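Chain naming follows the written order as A, B, C, D, E and F, and within any one chain the residues start at number 1.
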């Protein structure tokens, strides 16, 4: 099965989706930021009295979803009808004693192709934003497990990966 | 130690770097895409006769580095003087039998603040691009271990994390 | 009545409009730039022999309307089918002896949500452009009364605010 | 005194600032959103339990400042070293019984030209964002008095307008 | 026959296409880069052992097509369903002894207006990218004959210009 | 002499200019739009009573110059200090009886690398804008001879190509 993003001469192209039906589509992606437990404590306190890292990350993720086709070369432009992000924090659940912020993004459209990349981009940029805002106190943070967890709509129907 | 991206009332801001010196700065970031060995084989063959997924990912990563400050809300605009990406592929090195593409990005500037976020953004978008171009054949790919590995220049001097 | 841009946990989201019908929609917004009568005279003369401030502002407003969803975080991307701007100038009609340029923007789409923000953004950026091009001669200009004046299409039907 | 944004044939241009010195520059701009007292109450409550309109507006304003030169045609690209926004709310201080959110933006750079437009753009887009997030409950909001209040650095030295 | 991009007062506007039907549309544009035969040799060798200029140009052209409405002021935003580029190289076919790279771009959408500008923009930016990557060895390159060659869909039906 | 945009493994990169001095640099590029004499007449009349195609093209060209590094993958971001465009029209000077609009763009910066690509991009997008605004009356227009005509500053000193 060949990679569909290439033409007969092996050059990249934006795959033709013109013949596909406009159907409601949804994708859910997840990823996690691993960080020191003290950093997570700072973020949580910040939510109350110092500022809200996750509020900024959420706005960044939503805005990035809308610009996915500008970043990922072969992505089609799509009129997103919904984007939301959730964060779940877990103190020190990691074998290395690290805390976790699990980021989850849900994106919907009515269109000719799926919104997996938009959901994955939202998660990635939200993770980068958390990194940026905390890097002065925790340089060893890591963004992990960026993955698609659910997809519905289109010819392939519903897929649950997790 | 407080998070510096917030002002006294707890609102986010772009930290003032006006007093910092313009010095040469470099950052190296890495990340990896985990994928099925068959997918990696397709990518490698593609490099020769079907198209070059990694060439597209590289262009995407370089272009994304330049737009970091548009994506990550509190990032300063910087005049990047160099961006490059490297890819290393490893067949099935993972306990789950997955292959790996290790992405590495090097970014340089002469400026008042570091380029960690630019290097991390380049890696992230290169990873998303690989995902996008292979997702028709491998929906369970995962982007992992996006992290800073080296940083030099500025007041904090050289830091090697890996 | 709660603000619909927030989810159950109080986090911002792009409201889901997927269930709404694609209908023709229009919005008209207005705003005004208050400036010294001499500045208005310069702009008017410029239109003839020195350059055309309002022509530049018009292009800027039209281009900004198309980028509204990149600027206003919770705005949906929309395929605008029409954008136009008009300017009306009034010498010294203000109690403070100031002249006025009234900016009016009309935006249309066929889509699932209204184009108020696009019309308001067009007016705002046209106003900023006038400010920019005249600031060397009039630093005390002010942009005022940016407001929605008409809206039609969608479930709420026609609304005239002025 | 002619408008400097036009050349001898009356065509717009980006004024040449190449001969100017790189000096630290700051600008402060303000503007206000007038809204129903009930809307302001919703925003304030939201800050606690429903979401934080002003946090989203602040991120939007900061991000917009960085893109000023993409929006305002004759603006020079500048490497901003600092952007911050503040909000002050006043219930029903208006002769029409309206409440007010006063938006203030401070922008700094070290460069060849001032950052007035960046501060004014930050205020404008923050105002548009507040409008967007509250428009479902208050269609008659108005954005007013967008103006420069302070400017320092460069040949013209310190200027306080308010 | 007047130019439709202007209103009654002679001001530019984005022409109203709201009444037009959503139909499948395609446009093909072409252009050529004229360069020294040695430069073409370098590009071709590069494709094998030094890097692939045309692969980068192709990604650039595809990404530029998606941003046409941000660049060309009166262009409507459109949801492109397909973009591809082809390159044909001809050594020294020119009366001046120059070699040629012929660039061809095909763009498709289902929408209310044609995609000529998107195809022309893809060709232009692909040409600029080739220029950029070779300018260190050949400063006298020239981009020529950017033109529409085919157009189908919409009220005007199929048009073949070449 | 190898193409400098590629690394040892043949992958594209943004060439390192970090070691170069910040010097004043200028580039002048030109290009021409060939069109039917009647179309040129319409544009000229439009300048007076129907609208001003060239004014819109000029704004488009200036704005595009600022976004060159977003379009051309290996271009460095630069803080442009000046952009201007000129147009010269010639009725029917072409062997095919076509009229010409000669577009000329001048770009300046103080930086580590030249502004050729910015000048060429300004010319290209100005040409595309003229095409767009006239295509309803003249589908066979062609953009030709996009080329660098002058370059100064940097290690290579002054170069005049025309």
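Keep this in mind: a residue touches a chain if its C-beta (ideal position, glycine included) is under 8 Å from a C-beta of that chain, and two chains touch if they have at least 3 such contacts.
Owing to the predicted nature of the structure, the values given are computational and were not obtained by experimental measurement.
Think of it this way: of E-F, C-E or B-E, only one pair shares over half of the C-D contact pairs by residue number, and it is E-F. Relative to subunit D, the most remote chain by averaged C-alpha coordinates is E. Counting every residue number used by either copy at the subunit B-subunit D contact, under half are found in both chains. Of the two interfaces, C-F and B-F, the higher number of touching C-beta pairs belongs to B-F.
Ranked by distance of CA centroids from subunit C, the top chain is B. One inter-chain figure worth recording: subunit A and subunit E are separated by 32 Å, centre to centre, where each centre is the mean of the chain's CA atoms.
Centroids built from CA atoms put subunit C at 37 Å from subunit B. Multi-chain contact residues of subunit D (touching two or more other chains) are listed as 7, 11-12, 52, 55-56, 59-60, 63, 67, 70, 73-74, 77-79. Taken as a contact graph, with one node per protein chain and an edge wherever two chains touch, the assembly fits none of the named shapes, being neither a line, a ring, a star nor a complete graph.
Contact between chains, using the touch rule, shows up for A-B, A-C, A-D, A-E, B-D, B-E, B-F, C-D, C-E, C-F, D-F, E-F.
Those residues of subunit E whose C-beta lies close enough to touch subunit F in the complex are 1-7, 10-12, 31, 42-43, 46, 49-53, 55-56, 59-60, 63-64, 67, 70-75, 116-117, 120-121, 124-125, 127-129, 131-137, 139-148, 151, 159, 161.
Listing the residues of subunit C that touch subunit A in their complex gives 7, 9, 11-18, 69-70, 73-74, 76-79, 111-112. Subunit F contributes residues 52, 55-56, 59-60, 63 to its touches with subunit C in the complex.
On subunit B, the positions that touch subunit F within their shared complex are 24, 54-55, 58-59, 62-63, 66-67, 77-87, 108-110.
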